[in-house]
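In the two assemblies presented below, chain A is common to both, partnered first by chain B and then by chain C.
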Partner chain A sequence: MTLPGFVIRNAFRNKRRALLSTLSVAASLFLLVTLQTFQREFTLPPSDIGASLRIAVRNKVSLGVPLPVRQRPIVEGIPGIAGVTPFTYFGGRFRDEAYTPFAQFAVDPVAFTNVFVDARTPPDQLAAWMQDRRSCIVGKVTLERYGLKIGDKLKLIGTFYPVDLDLNIAGYYSGTPDDRSVFFHHKHLDEMLGGGKTVGTWWVRAASAEAAPGIISALNAAFANTSAEVRAETESAFQMGFVSMWGNIKLLIGSISSVVVFTLLLVAVSTMSMAIRERFRELAILKAIGYRRRELFSFILAESFGLAMVGALVGAGGAYLAFSFIDLPKLTGGMLRQFEVTDRILAMAFTIAAVLGVVAAIPPALAVARTSVVDGLKTLD
Partner chain B sequence: MALPLKYNIRNVLVRWRSTVTTVLGIALVVAVYVLMQAMAAGIEKSGANTGSPDNLILVRKGSTSESSSLVTREQLRSLVYSPEIARNTAGEPLVTADVLVLLNLPRRDGAGEANVTLRGVSPRGREMRGQVRLMEGRWFEPGHREVVVSQRLAARFAGFELGGTFKSGPATYRVVGHSDCGKSAFDSEIWMDVDEVCAIFDREQYSSFLVRPTNPAAATNLMQRLDLDKRLQLQARVESQYYSEQTGTAKPIQWLGNFLAVSMSVGAIFAAMNTMYAAIGSRTREIGTLRVLGFRRRTVVASFLLEGAFLASLGGILGSLLSLVMNGYAVGTLNFATFSESVFEFRITPYLMLKGVIFSIVVGLVGSLLPAVRASRLPVISALKSL
Partner chain C sequence: MPVQTVAEHTSSSAPGDAAGPIVSVRGLTKIYRQGDINVTALDNVTLDIQVGEFLVLMGPSGSGKSTLLHLIAGIDRPTSGELRVQGIDISRLSESQLADWRNQNVGFVFQSFNLVPVLTAFENVELPLLLTRLGRKERRRLVTTALDLVGLGDRQHHLPKQMSGGQEQRVAIARALVTDPSLVVADEPTGNLDSHSAQEALGILQSLSRDHGKTVIMVTHDPKAAAFGSRQVHLEKGELTA
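And now, the complex of A and B:
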């Protein structure tokens, strides 16, 4: 019998126990991967092509306070800017759903296509949208989710604004990291409200990445000490602002993850100790016929490491497969956008499993090393 | 005849090494479970605690939150002298208008920024909300950029200490008082004089009205009247009810808690099974002896189930006690309804702790069922022969 054969036979000689320990490691690693993926989802910076060039301009007080429309010519006058569009969150409710899973924004269509270059719309549909002031373009995901067709009506009940919208769907767009939103004419919103003195935010595209920092400082300076001071920041910084709002939730997920890892460790150590206690006598015999402590330790280590790695394969691999094949963004109505198990998260899970396998081998190995051959042979079970 | 309980208890204690690891493992699972439920309980409590059942809150028809509602001075004027509204001792109607503005402010620990609700209130509004009490300092004075923040909020944002200042947009605010709002949603707000807020933000419209009807019948009457009134476009709700509906955030946390409990308990059940199989494996001869002595199979099953449940309940009790450390600890997160930070605390109630212990017992029972059945099925003779 070869040495690897010896280790493998030993690991599986109590098949039930091997299975149970592997499964408990797998269950915990599955949970760990899920939690980490969840956390990543909330701290996700957008990574589309336009993001590094796009700049969001909001009222310095908060996103909840609008900006005066008179700022537009000043923004447009800043050198290095390739496009500026008003961008106002409408916050409408669609059908009778308690939670509307897509946002609607009022924009300037011509400027919009210039700022959000990654949102692609077939040319004929784009032309139709530009022409009809009461029309909108709908994200492909939303269009498919509700089975809407070009030419359908889209009714939105206003919750932020005291108006309801009845828009014509002129087309769809795709190509952004999150093809869910609805965009319509800002002029239409202004008409409905009977005014048009404010916008929610301005979105700006810098002509080049080098120009972006200069534009940001120019924007911030342009409205300093006015009644509507602004805060300009890159799109990723803007999104990271939302992440910060989650407050203690991030810490919470972090602490739960560490509890999971610790529990995992306890289970693994206890299993390995049980496995070794069962064959104390055998190990004593091995010692008696001349195997060294180092070699005995490597037997135990190999077994424990192997079980932990199989657990990782089942748990982390299972999570990877599950989240790749189940369309979670669709299932949760877009609440979860990507829920992608990255290589980094997988690597972390396997590293934890590896450390686990090594650490779990130490207490039983120490027990074996400490016991003299005679005592070992005397043990009964 | 049942086996004496002492047999199982002493068995659990004699193999203390594996007992300790199993108990600790289950304790951690239970602690996480109890804490998640405690968090959901804290959120619900803060919603249920807010406002008075005697007041009605009025917002624009169709608006889903107070902060996104806009109501006008004309609406206020046509409302003030409604016959349903009670009057104070000076004979003035108990009606007030609030303005809500979201402020994006830096956190105290430097970890980014968050939205906080700034509520502009009138002296009447303070009078009508008895649950907000001043603990330190003084109330703001009209005409000054002074604010009162809750003690809980003061711990979370920069410049919120008594006498401290913070800047938002062009205005600088001075904190002149700290309040205690009885663990309500008002604990997540900054309060300021309403006219001052309107002046700073150039607001002509209010966010909501608060009225006190003379009696419940008058309240129902007013609600119905507003419902039918096409001109006023206002909807009235009982204040306490309104706020408890605004705290919908408890749902995802409860959901997350249940998901964690289920998936962690799967791991815990495997671990408990492992321990119980090992316990039975090393006692094969003992079990044979018990059977020879005349104990029935089902007695053996019951005995091992009891042992598993006892082992797990030790973990459950320990876990519940561990979670107590976090009782009263204040945390904050984004409330989707208000789009601002809502602060609440872990509320570990005896009921939740009991739930945790019951949860652990279920884990113990499920985990020891298969091992117990196996123990009872061991052939007596070969069990006796085994080493």
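And now, the complex of A and C:
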């Protein structure tokens, strides 16, 4: 027998309790990893190539207040801008679904391809979209999810706008971080609304990343003190603004994660204390036959640390495997785009488990250290 | 002779093998504090124990016999007085030094056998040797020798729950012997045994003293058990009476 072997025997002497302790750590860390991955997913800025160059321009009052079409030539005239497209959220309902999981935007097709350079569409389909004002291109994820084909009709029931759209699917696009949306001609929306004097937002592509800050300042300054002042910001900042509309997700998930970890700590300390209390007499015998406090502390620490790390392996490792092999983007209809358990999240889970293992060992180890051999021998089995 | 074989491989040979008592107790007092009250468990006890003696400590409950045993074995500390074992004043040793000293010089046998339930007989006996620098082969030889000495050579791989009380106590005696200590202390070793098993256990302790020169100190209040000893000492209210 070796001392590590002795520790392992002790750790599993009560198999049910060892299993339940390990599972409690595993379940908690699985939850923690899932929460952290959710947080990352929802707060992850766009990572495609064009995102660093794109600038969103919205009404300074609110995203819900439109901008006048007359701003376009002024925007286009700002130095360093490579492309500008109107970008208006339609918010239509598809079929009878209570929640439509893809957004629809009215854009200028020619300018759109110049601003959203990551969106790849077969040339013939792109040409067909540009020629047909009543047509649209559909994100590949949405196309596959609903089994739509090129040439099909896409009917959208207006919820924001008092009009319904009946679009021809001219093609699909892919290559963006979120291939779910539908894009159609802004002119078609203008015709349906009988106007064409406003847009939801402008989306701009800077010629270079270095030019972007200057363009943002110029855009904000260009419409200062007008009836439609704008707020220009990078695509990342714009997306973060959306996230913040949901409330402070980081704080919420952080709070839940803290509660999970704290509860786990209490469970671990309680379990280890119980396991050691049952062995007080044995530990007193070990002291009597020559084992020192530091050796007994090492036994307790190794047992606690070992159980916590096995729990981490099952919980965090299980989450990693589950989210790596399950096609969550497909399962959630593209709502979850990546849901990647990163090395940083895994490292955090294992670090928490390690700290937990050490902290949980301290109270019982102190109790053992403080108890004399004679007092230990008097304890009941 | 098995114990001699054990002795060849441990470095704990006793300074007390020299002439003179192995245990020398002078004016030993132990006072416990229970709440606001001081309880005198031992009061100015003076006693010498010679090498190879089988000393029996007798007395009614609360007389201080177990306290005296614990002090001599180095698992408790006296309030005052002098306590020398093998010429060493063990009350002056640090916790860590005392732990090493116990590992090398004292074998313990308790009333409740106190074996680790998840370990086999072999592994229980091996426990004190894990603190030494002996290799696996040497440990195996010493453990086998100790188990043979108590007549359990064929029960090495049995768990405590697979053995009778008498067998468990014999495993505990083997554990006490495996490091070849010069002092074996036994606290009511037959308290949980039937008369046959008790006779066997006492016979082994007697043999250790008589045949192998070990100093054995046993606490009991059973006169039949006490008869196995070479000398009896009586305590009452913390004082030696005979």
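Observations
Simple rule for what comes next: the second predicted complex is superposed on the first by the 367 of 381 C-alpha atoms of A that agree within 3 Å, B and C clash if a C-alpha of one lies under 4 Å from a C-alpha of the other, contacts with A are read in each partner's own complex, and residues count from 1 in each chain.
Keep this in mind: a residue touches a chain if its C-beta (ideal position, glycine included) is under 8 Å from a C-beta of that chain, and two chains touch if they have at least 3 such contacts.
Keep in mind that what you see is a predicted model, and the values were worked out from it rather than measured.
Within the superposed three-chain model, A:157 lies in touch with chain B and out of touch with chain C [touch as defined at top]. Contacts of A:226 after superposition on the shared chain: chain B is touched, whereas chain C is not. Which of chain B and chain C touches more residues of chain A: that partner is B.
When both complexes are overlaid on chain A, the residue A:262 reaches chain B alone and has no touch with chain C. After overlaying the two complexes on the shared chain, residue contacts for A:273 are found with chain B alone; chain C is out of touch. In the superposed model, A:166 makes contact with neither chain B nor chain C. Of the two partner chains placed by the overlay, only chain C lies in contact with A:291; chain B stays clear of it. With the contact threshold set out at the top, residues 381 of chain A are in contact with chain B in one structure and with chain C in the other.
For chain C in complex with chain A, the touching residues are 70, 73, 75-76, 95-96, 99-100, 102-104, 108, 110, 112, 114, 116-119, 122-123, 126-128, 130-131, 175. Across the complex, chain B is touched by residues 16-17, 20-21, 23-24, 27-28, 30-31, 34, 59-65, 91, 93, 157-160, 162, 225-229, 231, 240-241, 243-249, 252, 256, 259-260, 262-264, 266-267, 269-271, 273-274, 278, 380-381 of chain A.
Listing the residues of chain A that touch chain C in their complex gives 1-3, 6, 9-10, 13, 281-282, 285-293, 295, 372-374, 377, 381.
By the touch rule above, chain B contacts chain A in their complex via residues 17-18, 21-22, 24-25, 28-29, 31-32, 39, 60, 62-65, 67-68, 70, 101-104, 107, 111-115, 168-170, 201-202, 233, 260, 263-264, 266-268, 270-271, 273-275, 277-278, 281-282, 331-334, 339, 341, 387.
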